[in-house]
Amino acid sequence: MNDMLKVGILGASGYTGSELVRLLARHPHVEIIAMTAERHAGKRMVDVFPQFRGRELPLLMKVDEVDWRRADFVFCCLPHGTTQEIIAGLPHSARIVDLSADFRLENPETYAAWYGHAHKALELQKEAVYGLTELNRQAVKTARLVANPGCYPACTLLPLAPLLQAGLITPQGIVVDAKTGVSGAGRSLKEGSLYAEVAEGFHAYGVAHHRHAPEIEQELTKQAKEDILLSFTPHLVPMNRGMMATSYVTLKDGITATDLHAHLSKTYAGEPFIRLLPEGQTPQTRHVKGSNYCDIGVVADRVPGRAIVISVIDNLVKGSSGLAVQNMNVMMGYAETTALEQEPMFP
Amino acid sequence: MNDMLKVGILGASGYTGSELVRLLARHPHVEIIAMTAERHAGKRMVDVFPQFRGRELPLLMKVDEVDWRRADFVFCCLPHGTTQEIIAGLPHSARIVDLSADFRLENPETYAAWYGHAHKALELQKEAVYGLTELNRQAVKTARLVANPGCYPACTLLPLAPLLQAGLITPQGIVVDAKTGVSGAGRSLKEGSLYAEVAEGFHAYGVAHHRHAPEIEQELTKQAKEDILLSFTPHLVPMNRGMMATSYVTLKDGITATDLHAHLSKTYAGEPFIRLLPEGQTPQTRHVKGSNYCDIGVVADRVPGRAIVISVIDNLVKGSSGLAVQNMNVMMGYAETTALEQEPMFP
Amino acid sequence: MNDMLKVGILGASGYTGSELVRLLARHPHVEIIAMTAERHAGKRMVDVFPQFRGRELPLLMKVDEVDWRRADFVFCCLPHGTTQEIIAGLPHSARIVDLSADFRLENPETYAAWYGHAHKALELQKEAVYGLTELNRQAVKTARLVANPGCYPACTLLPLAPLLQAGLITPQGIVVDAKTGVSGAGRSLKEGSLYAEVAEGFHAYGVAHHRHAPEIEQELTKQAKEDILLSFTPHLVPMNRGMMATSYVTLKDGITATDLHAHLSKTYAGEPFIRLLPEGQTPQTRHVKGSNYCDIGVVADRVPGRAIVISVIDNLVKGSSGLAVQNMNVMMGYAETTALEQEPMFP
Amino acid sequence: MNDMLKVGILGASGYTGSELVRLLARHPHVEIIAMTAERHAGKRMVDVFPQFRGRELPLLMKVDEVDWRRADFVFCCLPHGTTQEIIAGLPHSARIVDLSADFRLENPETYAAWYGHAHKALELQKEAVYGLTELNRQAVKTARLVANPGCYPACTLLPLAPLLQAGLITPQGIVVDAKTGVSGAGRSLKEGSLYAEVAEGFHAYGVAHHRHAPEIEQELTKQAKEDILLSFTPHLVPMNRGMMATSYVTLKDGITATDLHAHLSKTYAGEPFIRLLPEGQTPQTRHVKGSNYCDIGVVADRVPGRAIVISVIDNLVKGSSGLAVQNMNVMMGYAETTALEQEPMFP
C-alpha cells in the first residue's frame, strides 16, 4: 500500500462526496485516508450512507481534526464560500480538486457580483486551473489546484466550446435551455427539494440569474475570443440523476449542421468519455446514468441557418465527481479512465 | 332530464376520453349517452378505467353500433387520420369538438406534408373553427365543428399570440423549448411509453420535425401577419401530467419585458383560466394539475432586448379535454367555467 | 352569505391544510374566515401554495391573532402535541375536527406511552368522538370535538372493523402490511422526505413501533370485544398520494372469503364513499387519487382458512382532509357528500 | 484471448439481457461471442440499448443463426415456455445458466399446474441445479445447467431458508408481503407497464396465485423438511429497480428475534453479497441498487412470539443477472465476486 495515493475528502456527507467514494472504491491506486463532515463528525460513513455497509472507510471527522499532512490529494466537496479559506489552509504538498464554485470564475469582480462577497483567496484563484479535462488537459496535468466545473457548464461547454473555437457558430444569440435531476441540489434541507414538491411536476428556476451562466460565458468567451452573453434557463426534472442542455445556435454563413457534427466528430475522436451520436439523433440522460459519458447529438433546425445541439451527462458523475476523478487521473499520470469504466445503468 | 345535452364520446378508452368523463361527471347540463371504444366494445367503462366504479355510464360500443341521431353533441378523441371520415358521417345536427389533429391545419397541403396522406374531408376542414377559446371565442360560439388545439399549441399560443398580435416581439428567431408529461403520448402500447423507459431519465423527441410546429406556426402567422418559422423542441418529462413551454423571444425596439407583462395582463384580464404571475416569477406545472388553468410568467433576459416567457398547463385538461369542455360551454351558451371550476391538485 | 358556516383552519400551510382549502373551495355552505400558519403569518396563501392563485382567501395569521369567536367551525391541522392546549383555548361555541393524533387515543396512559408526554387536555379527550364516519356516524353527528382518524387507521379499519364486529375473522394473528405515499410525512424539512432519498427506492419504517398501531388496535378491540395486538408494518412508496393496507386475516371456522365479501357488501351498501370490488379483484391507489373513496378487495388465500383483504385510499383525502370534511358535513347536517363528489384523477 | 470464456446470451434485447452485458463488460475472463434477439436480429446492440454506444459487441442474431458450438457458456434470458426446447438443442459441451422459470420447479406436475402446459425437457429438468448460490454452492460448482432463481424467491429465500433449516421459526403461517420495481415485468408491451399506469400509484397483483409462490415453497420445504404453504402477495412499486420482501414469521417456543439475527449472522459470515443489518434496523432497496447485495434486517414484532424479517435486492442484479454471473463464476472457478464488485448507486 506504500505506493497508494493518500486521498482526503472534504465534505463527504453530501451526494458529491458519496459519489466520490462510490467511484474511488474501485480505483487501484487510491486509498481514502480521511473524510470530513462537520455535522456528522464521529459517525461512520455507513450511518450516513448505508449503501457503503461492509466497506472499510475512515470515520467522519471535522475538518480541523484531520492531519492534512498525510494527504497527497484532496477532493473538496464543501459548499461554495466556505471553501476558499479551508483550501488556503491545506499543506502545499497536497494537490487538490475543488468541486465547489469557489475557484471557477477568474475575475474576482464577477465572483463577488454573483456570489455576494469578495473572494478570500485571490492568490489561489490565480493558480487554479479550470478542469474541464477534454478542453484543458495539458493545464490540468501540472496543476496543483483544479477548479472542477459546474454541472451545467460541463454539459454545455463540451458541445459548444469546439464549435465556437472553430468559428462555426455565431457568438450571439445562443440559447441554452437546460434541465437537471434533483441530486444536483444536494442533500441539504430545502422545501423545494422535498419529494412532494418535485415529483409529478416541472419548473424552471433561477431564470436569467443562475450562477452557472457567467461560468459558461467565461469559458465560451475564451473560445470565441469575443464576449458571450447567453440566454440560459435551468429546469428541474423529477428524477434523481441526469442533465441535459438543449442548445439553439446560429450557424455562420455557409456552415451546416453537418459541419458542426463533423467538427465535433474530429475534435472528440479518441476521447474516451465523449460519445457523438449519428447526425440527427439525440441523446437521453438515462443512457449515461452512473457513467462518466457525455453524449452529444446535432440536428439541423427547420429554421434555415440554425441548429440544435443536445448534450447529456450524469450530473453527479461527468457533472461532478466523475470529472473530478478524471482530473485526478490526469494530474497523477494514471490512465485517464481508471475507476471510470463502468457502463451506464439503464433502466 | 329533458333539457340535458345528450353527449357522445368517440374513443372513450384513452386518456383524453377518460378525462372528459371525469370533467363531465360534474356538468349539470350534460348527459353522456354513448361512448365508443373499438377494442373494448361491450365492456363497461369501469373495466377499462376502474376509477369510475360506481358511476352510471353507457356501455362501450363500436362506432357503427351507436345511433348518432340521438346525440346533440359529440367529442371525438380518435387518433388522427381515422377521424375525418367518421366525423363526416355524423348527422349534421350534432355539434362537434374534435380533439384529434385532423381539422387543425387549414392548408390541406400542409396537412398532407406533415401527416403523410391527403385530407379526406376538405369541406369539413373549411368549416372547422380552431378552438383556442381565449383567442377565438366569437367563432367558437357559432361553430358546428371545432378543432380542439394540440397541447403544445395551446400552451405556446396563449402567451405568444397576443405579443405577436400587438407587435411587441419579432416574428423571427422565436425558440420554444417545450416539455410534456407522459400522458400526452396516450394509452397505446409503445416501448417508449413503458415506465422503465421513461422514469429516471429525460430526452427530447421529434426534434425539428414535431407535428405541432406547423400548427403553432399557422396560428402565430395569423397574429403576426407575417410568416413564422419556429425553433420548436419537445421533451418528455417523467411525470404523468403537465406541460411547459419555455419561449425565448426578441423584443421589438424600445419594448421591455415589463411591456410584455402589461400587455398580457390587459389581454387576459377577466379570463377565468389564464393566471399571469407577477413579472419575474415563473410558473410550475404542479400548480395547475387537474385544472383548466394556464399559468404564465414573463422574465427579462440578461441578454439585452430579449425576454423569456414561460407557460404551463395540464396537458390533459387545458391541453385537451378541459379545453374541449370549455369550447362546448361556449358553443352551447353555458357559463364558460361550468364543470371546470375545480382547484388544481397539489401535491 | 349570512347562512354560511364560518370556518377557521389552524395550520393551513401544510398539505392537510391546503387539501382542506382545495375541497372547501367548492363547498356551497362554507366560508373560510381564518387560516393560521405561525412561520408564514402575514403572507398570502398563494405565496405558500401557488395553486390557489386567483382565489380569495384570508391572509395567513398567527393562532393568537385570530378572533376565534367569529368561527363556527374549526379544522385543526397542527402537529400532535401542540394541539391540545390550542383546542382547549377555543370558544366552546365552535365545533371542531382535529386532524392531529391528540384526541384519538382514549386511554391517557396509552397516549403518554406512545407520544412521550402526559395528555394536557383530559376533559376534552373524554368528550372527543373518534371520527371514522362510516363506523361512528351517530356519535359524530352530535359531537363538538371530533378526532379525525390517522390515515393508516382509516385505511385499515374500514375493511377490518366490520369483519371483527361480525366475528368472521379471528382477533389473533392479523398482519397489516401498509404502504403510503410521501405526502403523509407532511411538508416539514426532513432528510428522509427529500426527493433523492425517496425516489427510486422503497423501505419500511417505524417497524413494530408506529404510533398508528395502538390507534388501530383500540378501534378493532372495540369491535372484537377482545384485546387486539397487530403485526403492523408501514412502508414508504415513491409517490405523492395514495395508501394501501394489505391485511392478512384468519377466518373463523366455517367462514370463507366469500362470507367476508358478502358481509362487507351488506355493511357498506349505500355508503357513498366505500366501493367494494368483486371478490377476487384488488384495488389500486391510483383509482381513488384525489377522491374520498375507499376501495376494498377480498381474496381467498391459497392457505386454507385465510384471506387477504386490500384497501386503498388517498391519504390526503379519505385519510385526512376529505374525511374531515365528511365529518363536518355530518356534524352540520349537510348532505354527507357535499364538496366530496369529485371523481378520482387518473392518470 | 485464448483463455477467455466464450459466452452467448439468448434473449439479449430484454432488461435481464442488457444487465448481463452491463455486468460482463467488466469481467476479465469473459468474451461475449453471440447475442440473440428474434425481433431485432441484424441490429446492433446500440440500436436496442443506446447505453452501450462505443462498446464492441456482436450483432444481434436469431437463435438458429448462431453456431452454438463456439460457445463455452450460455445465459438464457428467454421467456419461460420457449426455453426448454432451445436449451435442449444446445451442444452438451456448453454450460448454461437459465434465467427463465423453466427449470426451477422440480416436480413436473407443479410446473404443468402453474405454467399451463407439460414440461418439454424432463431429462434436463432432472439435471438442473437450483442456483441460489449461497444455499447451494457445492451443487452449482459442478452443474452443467443451473436454473437461476426467480427474483421473489431469491429475495425471500435468503433470509428465510436458514431460519427454517435451523428450526427457529414455524413452517406454518409465514406471510411474505413482497414489492418490486417495474423492470421485473420486462420490456414487453403491456398496458400495465406503461408509465402512466404505474407512476403515482401502487397496487398488488397476482394475489394468491403468483408463480413464484410454489418456487419459494419448494425450496423452503426442503429446508423445513415439512410442506410449506405461504401467504405471498407481490406489489408493484413505481420505481425501476429494487425488491423487498417483508416476511412475518412465528418463532418456535423459546426463540427470540435476537436468535434469528444471530443465526443469520453466523450463516452468512464471510458471504460477500449478504449484508445483515444490526438487529432492529431495516434495509432500503435504494442502498443495494445496481449491486449484487442482499441486505437483511430482523426486528422483534410487538406481537409476542413473532418477528419481522425484511430483505432487499436489486431485482435485475441479485434477483436475476447478477446472481447468474455469480453462478457462472462459481461454475467456472473464478473468484465469486468477479465483475460484481461495484458499489450500489445511490441516489
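Note that the chains are named A, B, C and D in the order they appear, and that numbering of residues resets to 1 at the start of each chain.
The definition used in the following text is that a residue touches a chain if its C-beta (ideal position, glycine included) is under 8 Å from a C-beta of that chain, and two chains touch if they have at least 3 such contacts.
It should be emphasised that the depicted structure is a prediction, and the values quoted were computed from it without experimental measurement.
*Asks:* Count the touching C-beta pairs: is B-C or C-D ahead?
*Replies:* Pair with the higher count of C-beta contacts: C-D.
*Asks:* Please identify which chain has its centre, taken as the mean of its CA atoms, farthest from the centre of chain B.
*Replies:* Relative to chain B, the chain with the farthest C-alpha centre is D.
*Asks:* Averaged over CA atoms, how far is the centre of chain B from the centre of chain D? Could you give it in whole Å?
*Replies:* Each chain's C-alpha centroid was found; their separation is 45 Å.
*Asks:* Need the CA-centroid distance for the pair chain B / chain C, whole Å please.
*Replies:* Going by mean C-alpha positions, chain B sits 36 Å from chain C.
*Asks:* Using mean CA coordinates as chain centres, what's the chain C-chain D distance in Å?
*Replies:* Comparing mean C-alpha positions, chain D is 39 Å from chain C.
*Asks:* Among the residues of chain B, pick out those that touch two or more other chains and give their numbers.
*Replies:* In chain B, 15, 183, 196-197, 199-200, 238-241, 283-284, 286-287, 289, 346-347 touch at least two other chains.
*Asks:* Mind pulling up the chain B residues that touch chain A in the complex?
*Replies:* That would be residues 173, 175, 177, 179, 181, 196-197, 199-205, 207-209, 213, 229-231, 233, 235, 237-242, 244, 246, 248, 282-287, 289, 297, 299-303, 306, 308, 310, 312, 346-347 of chain B.
*Asks:* Note which residues of chain C are touching chain B in the complex, please.
*Replies:* 15, 18, 21-22, 25-26, 49-55, 183, 199-200, 240-241, 275, 277, 283-284, 286-291, 295, 341-347
*Asks:* For the complex, give me every residue of chain B touching chain D.
*Replies:* That would be residues 15, 182-183, 187, 189-191, 193-200, 238-240 of chain B.
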